[in-house]
Amino acid sequence: MLIVMRPDATAQDIERVNDEIRRRGWQPHAIPGGTRTAVGITGNPGAVEPEPFRVLPGVADAVAISQPFKLVSREVKPDDTQLRIGDLTIGGSAFHVIAGPCSVESREQILSTAHAVKKAGATMLRGGAFKPRTSPYEFQGLKGDGLALLAEARQETGLLVTTEVKDTATLQAVADTTDILQIGARNMQNFSLLEAVGDLRKPVMLKRGMSATIKELLMAAEYIVARGNTQVILCERGIRTFETMTRNTLDLNAVPMLKALSHLPVFVDPSHGIGVRKAVPAMMRAATAVGADGIIVEVHPDPPRAKSDGAQSLDFSEFEKSMNEVRAIAQAMGREVVRLG
Amino acid sequence: MLIVMRPDATAQDIERVNDEIRRRGWQPHAIPGGTRTAVGITGNPGAVEPEPFRVLPGVADAVAISQPFKLVSREVKPDDTQLRIGDLTIGGSAFHVIAGPCSVESREQILSTAHAVKKAGATMLRGGAFKPRTSPYEFQGLKGDGLALLAEARQETGLLVTTEVKDTATLQAVADTTDILQIGARNMQNFSLLEAVGDLRKPVMLKRGMSATIKELLMAAEYIVARGNTQVILCERGIRTFETMTRNTLDLNAVPMLKALSHLPVFVDPSHGIGVRKAVPAMMRAATAVGADGIIVEVHPDPPRAKSDGAQSLDFSEFEKSMNEVRAIAQAMGREVVRLG
Amino acid sequence: MLIVMRPDATAQDIERVNDEIRRRGWQPHAIPGGTRTAVGITGNPGAVEPEPFRVLPGVADAVAISQPFKLVSREVKPDDTQLRIGDLTIGGSAFHVIAGPCSVESREQILSTAHAVKKAGATMLRGGAFKPRTSPYEFQGLKGDGLALLAEARQETGLLVTTEVKDTATLQAVADTTDILQIGARNMQNFSLLEAVGDLRKPVMLKRGMSATIKELLMAAEYIVARGNTQVILCERGIRTFETMTRNTLDLNAVPMLKALSHLPVFVDPSHGIGVRKAVPAMMRAATAVGADGIIVEVHPDPPRAKSDGAQSLDFSEFEKSMNEVRAIAQAMGREVVRLG
Amino acid sequence: MLIVMRPDATAQDIERVNDEIRRRGWQPHAIPGGTRTAVGITGNPGAVEPEPFRVLPGVADAVAISQPFKLVSREVKPDDTQLRIGDLTIGGSAFHVIAGPCSVESREQILSTAHAVKKAGATMLRGGAFKPRTSPYEFQGLKGDGLALLAEARQETGLLVTTEVKDTATLQAVADTTDILQIGARNMQNFSLLEAVGDLRKPVMLKRGMSATIKELLMAAEYIVARGNTQVILCERGIRTFETMTRNTLDLNAVPMLKALSHLPVFVDPSHGIGVRKAVPAMMRAATAVGADGIIVEVHPDPPRAKSDGAQSLDFSEFEKSMNEVRAIAQAMGREVVRLG
């Protein structure tokens, strides 16, 4: 159930609605929009009677929500959510490119990459510090040292920084350092971690699990938003199918579906999505054309020598060349690829 | 094994190579390229000794082919294959849009659609006459009458015509009427049908089976080319995955992979690929940006009343609007969306 | 719609029902059961009014069918279909084992295998003569010579014989030689071939396509039964999933689902299903325990030297050992593994 | 690398080997077998030279391990691992049935179920206290109260108890109460949780992720064993495929593959595997026949009223009937379904 307030409703009107919801033992969630506020209800065991709400002052309507996800649904909030991070806005007509290595490996590696991707037009730097790996014997990241190097790279270049948070134990340290927290594909249904980032007030990029449906991705985002953290970016990064020639199957179909169902921004990770270096530029172009709000791309000074994901990382000149293509397509779409000043 | 001839090799030199191949009980396949001819060998039970060929007059080199597909491989023919159909060229910098209804339903329906899609910028008309359907109780197409209506639409508009061939029994009738034969996803490994179209000298659009790997699609194309019909267009049309919100999962990843592995032109079918009308335009844009040589789109005068595939068909105005987007992206890619005069 | 006749209905009563159905332009399908006959209706464009049929003499009831498949549905025919082939009955409490090589390779190979599998307890011999192969350059079978060798093996051993029919062109030759026609996984939705075998009056084993849903398998069977050939055996043979360690994923879940939805007998092909020789015996046991009516197993005198499917074929002693396990489990299930006299 | 000790090697010999391994900065893992001990090496960056180990006293051989998983591999430990829990042994010829509700819902529900499943022949009780749910608005379990009720049920019936551990925050509480810790499918690659249970010395049942390969399941188990907890049971519980008629696709193929590759016991969860109540008994039988060491089944006093998974839970009489079938098949396999005294 969604209580839609009138454009001229007062803060007092909204609080009155909240009280009525709480009085029934449920939780109200205020959802500010462009011209008016709506109040979502969660915690209700079944259908909610609309009449008692429709008669309250300032209430325009009370409408049923047909989707199992509520707060992330476009039914609840028709206009696009835009995130404000530092001086940047994510969502709307802006298109952002996040770039950087799979793992932070050394000071020189991360700093040289930061400068190169900034020059080519990225606004944010990616780089893993705590790495979830299939094998316990593989490189697990530089951990705290990696975070410190990311902070230094931000300091030097002005790029915003994003890195994956692997568990609740390291969440605070990661949150203190980065501008956007990444939840990786393997953790998309780690509900305890989702709740923990939901309790923060920091942007989160939530990656689709490798066998998660589009609906499950939205339900996972709902876990975060239901705790009050509304700054969520959805990210398509490839699903697992029968095809073995590509590492995953980047499911660009998810982008228009997610945009139709949800007001949250949607990014695409072409690097993990196809997992084949020479084919990444084609998927960067397609992700731009399909209507994503940004892409996140793996770039490394020397891909064949990368400690992880070398097979899918671009080198600096490949990235620069691809950025030109991305810019041309974004322009054809009426969007602007944002650059740092 | 591929025998690469020198640029100045004579027809006699090539024939000499063919003779040597046939003498061993194998088949030669001449593959003309931009500056020189190569001769592929099939039918050899194991590895071929290169030396006896390298010493023949006009032979530049004899190289082993590492892929199980040979004649369709870019190893065998590095430059893109371009198909000449009527006045049109498929492949190269040209980008083509094929459009029309799932099924030919009536004279008025197919003629009005043909005029509308031509006006919007399509060069070819699609429309099913013999329809393979999951249920024996569903509409199976107008059959011969459908072919006649397609011929009439071509006559009236100048659009080239493509329709699906369902079996060997109706192959000749379909081949007599259409400019491009379509092999549907369910028939991608109907090897007897592949051999039969391989014996014709007519362009074939081969659609990827819904659980076929990229390699299997190329092997299926090899069946056609091995019989001497080199005019093959590959078509990605969506694969079957766990996701149920979309009808199929359009696998755009296949496009750069196919272009890297094969010299054949690659088309994309966004309509079957995603199967959701409102999301088809996004996939048309993405298919253009990913590097396909064309798209094939379902368009119907009144989608909700279509006898088949109404849920994924665009109406005339949606198609026209999408064509503008496709043109803008093709232009950003340095490609031209071909129009009829 | 299903017209259920009373137990004491006469042939004349049934004919009267058929006439009423035909008079409306639809097709009646008499479905004889243990104690009474039912008449299925196909060809009706929408829902059928039950009243005009309920008042006819000998009619017990007229009931709507909720599944898209009709004639193969257990709603239409609650008791199990049993096939009578020669002296053997398939279905009911009988459990049958079909065994033999992937391909007929030579007289000695097929005869020695026939004797060995008969001795171990098989009632039927399998062996491919016309082989659909992914590559045009692989062994395509001995064709007519293979059929002749299968006939000789039947003559010598008394085993029934089954082989795959690949296309309509070779259907008659295959039908003349074999006791059960196999439709392979790649042809499950080759509707023209399904219609052609539907016009015969000969048992057909229909294998599930590698990405076919359970419902699509039943719809494919409906194509055959709707043409009047009711002697259909369904066969689960493994589906395509993301797992690569096994050739396919044998989906034993399909067996109880098919048995619940349909009255047709269900077989399982553990050899193609898992595709790993050392694991085939485990899947033979599981297929027996899950409730299949029989299994079809690849056996070869010398698997490492087989021309096809050697990696999944048992040798004679492995097969004999596995048969003992299958018998023990069938007995625990209250079923008998049928042997030839 | 695996250092295989001679049967007469002393504790001192083994310690000497450990020292040599540690001196190089690697970790030794002693793996006691029936007649001799082997020492696995992890932490080595590349291949290990065998010679320096072969010359040490008590060493029989030093052999390379070809699989990426080491400690869980049958290469490292050829004989089956048997777990001793209370008076029970898991693995070997024993076959165990774990049964109980999806969620602990009330004192009466869990106690009545415990008595019923014990009477029918289960040795262990399952029941969820901390429930990971796709939606934040669904029932999340009784948490601590649920654990207390499980403890009471164990006290009353003597059944061992197993429940899922959802995160590291609640791990200690769950470990204090239960005999076997379950890691659910969504947490199979929650590496921080795997490491935490690896630091305990308590049996762990590790469920296969819904899109995890067999190899990835073994790598996840390796995370636990590499921390010193060798008491791991693998559990197949259904994978995600294109089929929608069943909740998941129970992949019984995984059982013989896991048994061939690993020495760990393997259980099967037919309830989540197929997710259809009426079909669960067939999958219980198949899981027994395929060679699993036990099954874990959902049983509820009144399935249609269950707070979760009612659609796949058996009632008491269905479970009792199925247990008779399981016993008959286990006996045919030469295995005994263990009962409490």
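Here the chain labels run A, B, C and D in written order, and each chain numbers its own residues starting at 1.
Note that contacts are C-beta pairs under 8 Å (C-beta built on N, C-alpha and C of every residue); 3 or more make two chains touch, one makes a residue touch a chain.
Computed from a predicted structure; not experimentally measured.
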> Given the two chain pairs B-D and C-D, which is bridged by the higher number of C-beta pairs in contact?
Replying inline: C-D
> Looking at C-alpha means, what's the farthest chain from chain D?
Replying inline: B
> Roughly how far is chain C from chain D, going centre to centre by Cα mean, in whole Å?
Replying inline: 37
>> Taking the mean of the CA coordinates per chain, how far is chain B from chain D in Å?
In response: 50
>> Please output the residue numbers of chain D that touch at least 2 other chains, ranges allowed.
In response: 211, 240-242, 244
>> Please output the residues of chain A touching chain B within their complex, sorted ascending.
In response: 211, 213-215, 239, 241-246, 249-257, 260, 273-274, 276, 278-279, 282-283, 285-291, 325, 328-329, 331-333
> Across the complex, what residues on chain A touch chain D?
Replying inline: 42-43, 68-69, 132-137, 166-169, 186-187, 189-193, 209-211, 216, 219, 222-223, 226, 240
> Any idea which chain B residues touch chain D in the complex?
Replying inline: 211, 240-242, 244
